[in-house]
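Every chain is named by a letter (A, B and C) in the order it is written, and numbering of its residues begins at 1.
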Amino acid sequence: MLIFSVFKTLTDQRVTVELKNDLSISGVLKSVDQFLNIRLDSIKVLDETRHPHMMAVKNCFIRGSVVRYVQLPAEHVDTQLLEDATRREAANQAKR
Amino acid sequence: MASLQGYVDRRVLLVLQDGRAIVGVLAGFDQKSNVVLSESKERVYSMEEGVEEIPLGLYLVKGDMIALIGEIDDAIDQAVDLSSIRAEPIPAIRY
Amino acid sequence: MDPSSTGIQEPFDLIRLSLSERVFVKLRGDRELTGILHAYDGHMNLILSDAEETIMIVDPVDGNFEGQGTVKVAKRKMEMLFVRGDGVILVSPPSRT
């Protein structure tokens, strides 16, 4: 839930999603759901000469399960807030 | 919600876990991102020859098999001469 | 030592105590990361800053026997990184030297 919330705060920011098939796609984060499926707009595939398959694709839906990394815009991530929220969630888990 | 709603009746590109690329019109989907495509074709990429399109017709693809769904900009897609494209197939997803 | 005195009773406590510290992460696909840990969850999804990734690429040398070959190491840096938990093999706290 925590990570889902983080992604929600990054809506409309440009991110780079690296997939488990080594494809890297940068785009504007339009939405995310509980499975961390991701919708990207204005996408650009890195190394497009090697991967022309998505030339005509301008926006896409990426299944959360195939994501390896997402590179985030550091200036839009409040690390202190993140750590506090993580500790809070960990404490909630422990109570259960 | 990262939903597929906006893609219904649009031409889409499906990239599957095994690296296959399928284009077609998104006829429907469900919660598990199972997908029905009409007028679908597989695009087979290789370095030896241009892209080969294999007609598949009406296809139901299980959500688990899907890596990515992209909306195709028809103007750009039609401007591309597929027979001139040489590329390795998309690698399979490896966990 | 009494486990309660260290504040570590279960595995995730070790990760919790590493928040805002540099951690080492081993991943599937011969990848390793170091970075400053800012967030994690029960799936071991992580958010790291100042991350450096190391990929080990085994190049099978032509005409060589199986199991041989040179290992290439590729490194890259990323400012802020979300790591999906299903690729994580281990998370190790910073070495206190």
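Definition applied: contacts are C-beta pairs under 8 Å (C-beta built on N, C-alpha and C of every residue); 3 or more make two chains touch, one makes a residue touch a chain.
Values in this document were obtained by computation on a predicted structure and should not be read as measured data.
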| item | value |
| --- | --- |
| Chain whose mean Cα position lies farthest from chain B | C |
| Comparison of A-C and A-B by number of C-beta pairs in contact, larger one | A-B |
| Most centrally placed chain - per-chain CA mean versus overall CA mean | A |
| Intercentroid distance (Cα basis), chain C paired with chain B, Å | 34 |
| Length of the line joining the C-alpha centres of chain A and chain B, rounded to whole Å | 21 |
| Shared-contact residues (touching 2 or more other chains) in chain B | 94-95 |
| Interface hub residues of chain A, defined as touching at least two other chains | 20 |
| Junction residues of chain C - those touching two or more other chains | 29, 86-87 |
| Touching residues on chain C, where the partner in the complex is chain A | 12, 16, 19-20, 29, 36, 38-42, 45, 47, 49, 78-84, 86-87 |
| In the complex, chain B residues that touch chain C | 94-95 |
| Chain B to chain A touching residues, read off their complex | 1-4, 7, 13, 15, 17, 19, 21, 33, 43, 45, 63, 66-74, 76-77, 80, 85, 87-88, 90-95 |
| Chain C contact footprint on chain A (complex, rising order) | 1-3, 6-7, 20, 36, 64-65, 67-74, 77, 79, 82-83, 85-87, 89-90, 93 |
| Chain B partner contacts - residues on chain A that touch it in the complex | 19-23, 30-33, 37-39, 43, 50-63, 66 |
